[in-house]
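The structures considered in this document are given below.
Heads up, the next two complexes both have chain A, just with different partners, chain B and then chain C.
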Partner chain A sequence: MSRAGSTHSAEGRLSQLVTVLAFALPVIFVLVPLAIFLVYSFFGVDQGTIVYAPTLSNYVRFFTDPIFLPVFWNTIVLCVSVAVICILLAYPAAYFLTTLKGRWRYALLMLLLVPLLMSYVIKIYAIRSILGLNGFLNKALVALGILDQPSTLFVFNMNAILLTLSLLLIPFAILPIFLSLERIPQTLLRASDDLGASSLQTFLRITLPLSLPGVASAASFVFVLAIGDFLTPQMVGGISGFTFGRILYSQFGTAYNWPFGAALSVALAIVVICAILVGERFGRSRGTSV
Partner chain B sequence: MSAPRPSTIFLAAITALVAVLLYSPLFVPIVSSFFTISHGNVDWSSPTLSTYVALAGNHEILAALRTTLIVGLCTVVLSVVSGTLLALYYHGRRFGRSYLQFIIFLPFLMPPIISGLALLIFFREIGLERSLLTVVIGHTVFVLAIVYRTVLMRLQSMSRTLVEASYDLGATGWQTFWRIILPNLSSAMVGGAILAFALSFDETMITILVTGTQSTLPVRLWAMMRLGFSPDINALVALILMFTVLLCVLAARFLIPRQMATERT
Partner chain C sequence: MGLKKAFLRLATIGLGIGLMTSAALAANLRVLAWDGYADPDWVKDFTAATGIGVDVVFIGSDDEIWAKIKGSEGQDFDVFAVNTAQLQRYIKADLVSPIDITKLPNQKDVLPRFRDLSQVSGDTKDGKVYGIPFCFDSIGLIYDTDKVKPAPTSMSVLWDPAYKGKILAYDNGEHNFSFTALTLGYKDPFNLNAEQMAAVKAKLVELKRNVLSFYTTADEAQQIYQNNDVALIWANYGQQQVKALQKIGAHVAYVNPSEGALAWLDNWVISKGVRDNAAAEKWIDFMLTKKIGGELSERTGFGNTVVESSSAGGNDKLVWLNNVEDPLKRSDMWNEVKATP
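Then we have the complex of A and B:
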């Protein structure tokens, strides 16, 4: 392709155009908006209009106001819990998939991944109706005799957010764990078996350590997706389920303070970048760079 | 055959539980599209298609559906053209590639609320009124990484000798591009296009932030959800689910066979 440019002048112009586009497109539509966004976080607001004078007041407010740091911290804890729940459910499922043969393995994997592509808003709505006071979950718990009467334990609060996010994000945990389990050479497992290890020993000393990179990527995926979500908390969180995403979103709606919202986004971005880096660092299997 | 071990039964049970958990939210609207549900109890006795009839008369929803399809098609065209161009350009070039690649992946890695808000402020600063155009730009920026990666992976698995043979046989750069490179990329481009469309079809968070007066289907559903849905929404959901499954099967057909074949070698 490097020779393509020199043959005709029309081709030369085209390749120049492509070169310009290849640099300009990502810069204009991704880097510039993010840079402006960052700059906005150093502006202030006076009576509903944005004051274009540099100030650190947004960051000072974030760290000193008694509201924001606790919500920020609670949201991080919530999203870590979501990641843990997703992994606890996804790991056995992914492991089960790898014990299946050929066609079944991928058919079942497909089955568990397809719900990802289904309408996010509709899923939130359906889960809300399942969790509700009159929902299927309460009905089932009462019918099984676990509860005497419908409980409000998971209606419009943090628990509801926790359950809903976990349900929505499980597939994102299944895929990376499945891929890391599948990559473990069968010969290692057979060698361990030949050397007299029980299947539990083989699992604990061979399979589990080798699949941890997949678990790390899964955790980082789920965490990042959960912490950026503002729709789910808004819909199932009620008044008590206040998350960072909701506060951030409200700065661009009812609260109308874009610069402060930008500062909150910077805080969110820092956490997300840390999570991605941690996932990257531990997500690589030792010895291979794939 | 011996009886399955307890551990296998345990694993199978967890897998079944996960499947039930994943599908129960989808089950609710589909069942309610054919049966009436009151106070959490399904009335199995009288299946009906009335919800589907009602849907045909819901102009608000149909308009939103049309908007979504228009946005999806524009997004597909823009993202496939620019994603393919970028992949062709960056492939085999070293200068600045990893930085540019990182920039392309940013909107996909960052939470949508950050990408959406950044674009919202950007549009305001350059004086671009919020409209379907801003939605299309937002979606394209979001899905570009997927199309780019799909095409780039195919390019990397393509044998260098094909292009060299074409030049040796006297073909010009154009001829090589149209007759050798593009046909080899076509199925990756189609697969990328389907993924881009599926992502655009369901994109809610960026859209909410950058949309003007016309809203796409997920945003309209989001607005309606606060008040509760009318039954015809269930019919729509059932139809969308079927459509999505169809898209998945299509995408799998275009993307999986070749990649699996290359993985084995």
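Then we have the complex of A and C:
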């Protein structure tokens, strides 16, 4: 009796420990660092050393200096475009996957996700040599007679960033869309067919609305990943592809302006949180209403 | 570069352990240096010639040197290598000892530009010598000999519309302001007044419109060179970059611009906590022999101060890098340049 009681309380202690850990880890590794960032954004910098006196000057500068808001806005537009392109390309791919039977479906899905196993930097390098003036894309277009001479349309500018980010992030769009498509009960589609709807009508009135939660989360995934990226713009953006991530990054190197960098990060974090909330809200309300 | 860094780390750790074990041999000369500045065969020759044992610790960054020297107030090392831009900081913090150059007979035979140390900016303070130049490289201009004719002589070629979209520049505000200031003919590129800063900024916006991209690593520049039509590269990595490009078969040459090329210069200095000043002087003097200088350039591609090398000819004008008036200001203005449409 007493033995059973002691193992019981030991188990209880263990589960308590697990609970504490479960709450403590996110607090220590996520919330505390975020809070530190937030606090730093209210400090200043003088002669290369951080001044620990509260000030709003970083935020004032963000809103008043003419360079930050336009870049910020352009970056948001860029990342929304990336999300749209990714969705447009990922949706047909995911739809095609759900039409496959059995193991083919998952084998192909795995194949589409393989790029995620590769190093990010190596992929950017590879894409950069494809996009270059003597790169594969230009060579192919010239060889096919589509272009007379190599074009600089995709070399070191916003287009290059758009293309590269889309290419890199497509797997993140395919997965949620695929999952939401796969979850649609076949019976609904058959019922629609029985009631005389054409396959286009079935798609527009059943499949598409039911898969929108997946589309919403795919879009917010891609947007969030794209807007936080500074490496891709740095490596393929050249002179005209200047994004918010690059400004942010520059505050932490030689500039050593951590407080201002923190304030810019806070601005970015707000946009990211909004994107996630919108994705979440949109995805869920559609999902539960049916 | 990545591999080199990893190797450096490994060497540092290994030598750190070595240092601990040899702490018992208190008489050894303790040297802190960059990789390539104290090769094992040189150390062996030095010990054979002078009977002085040497412990070398390698470092990977300027910050690391500062941390090691400042951390022990100079007590952990006798001799170390540091560049002219950094040296003044060590003098100010009283971490280095003045050097009596009469104890360095080889200093009389160095290349003309390094003979009068009062003319090497950053090496002296209040008439006392603190640094002995040892190794340098310029930040010149790499040009494709097939595409750029005649050979350029000034950085102003980077603004030439004939090469629009065929230029690679370096993504660093500090250096870009300095070299553009030189191109505009300003005397002190490291201390610009507000009016000069504005002029340089406007000039950089023009440069931006003429370049293909801004690179950060030597590998990156090389990859862009291979996949695009590049005629000119602002060579932050100097001779190393030239050699790497020539290795892949590029027809490139290197020039130090006539208005003056930015250049870094590493010096041997004696720390405040030196135990045996005579041994430290012997080490520095040994490093200034023709044999070491020649081998240094041969192995690293950098210029040495004793025999002529490909980094710079005797008539090339070199402007030793120095601390700039306000790094933060330059970084912010560089962002403004990049954000200008």
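Brief remarks follow.
Here is the rule we use: the second predicted complex is superposed on the first by the 257 of 290 C-alpha atoms of A that agree within 3 Å, B and C clash if a C-alpha of one lies under 4 Å from a C-alpha of the other, contacts with A are read in each partner's own complex, and residues count from 1 in each chain.
In the analysis below, a residue touches a chain if its C-beta (ideal position, glycine included) is under 8 Å from a C-beta of that chain, and two chains touch if they have at least 3 such contacts.
On a predicted model such as this, the values are computed, not experimentally measured, just so you know.
Contacts of A:L153 after superposition on the shared chain: neither chain B nor chain C is touched. Of the two partner chains, chain C is the only one that A:N257 touches; chain B does not reach it.
In the superposition on chain A, A:P33 makes contact with chain B only, not with chain C. In the superposition on chain A, A:R246 contacts chain C only, with no contact to chain B. Once the two complexes are overlaid on the shared chain, A:I227 sits against chain B while remaining clear of chain C. Considering which of chain B and chain C touches more of chain A, the answer is B.
When the two complexes are overlaid on their common chain A, residue A:Y125 makes contact with chain B and with chain C alike.
Contacts of A:V45 after superposition on the shared chain: chain C is touched, whereas chain B is not. After overlaying the two complexes on the shared chain, residue contacts for A:V20 are found with neither chain B nor chain C.
Looking at the shared chain after the overlay, A:M110 reaches chain B, while chain C stays out of its contact range. Counting contacts by the rule stated earlier, residues 125, 129, 134-135, 235 of chain A appear in both its interface with chain B and its interface with chain C. Against chain A, in their complex, chain B makes its touches with residues 7-8, 10-12, 14-15, 17-19, 21-26, 28-29, 39-40, 82, 85-86, 88-92, 96, 100, 103-104, 106-107, 109-115, 117-122, 125, 137, 140-141, 163, 167, 172-174, 176-177, 181, 198, 202, 204-205, 209, 218, 221-222, 225, 229, 237, 240-241, 244-245, 247-248, 252.
Those residues of chain A whose C-beta lies close enough to touch chain C in the complex are 45, 48, 67, 70-71, 125, 128-129, 132-135, 152, 155-156, 234-235, 237-240, 242, 246-247, 250-251, 253-257. For chain A in complex with chain B, the touching residues are 1-5, 7-8, 11, 18-19, 21-23, 25-27, 29-34, 36-37, 40, 89-90, 92-93, 95-97, 99, 108, 110-112, 114-115, 117-127, 129-130, 134-136, 139, 167, 170-171, 174, 199, 224-225, 227-231, 235, 245, 248-249, 252, 258, 261-262, 265, 268-269, 272, 276. Interface of chain C with chain A (complex): residues 165, 171-174, 208-209, 211-214, 216, 220, 223-224, 226-229, 327-328, 331-332, 334-336, 338-339, 341.
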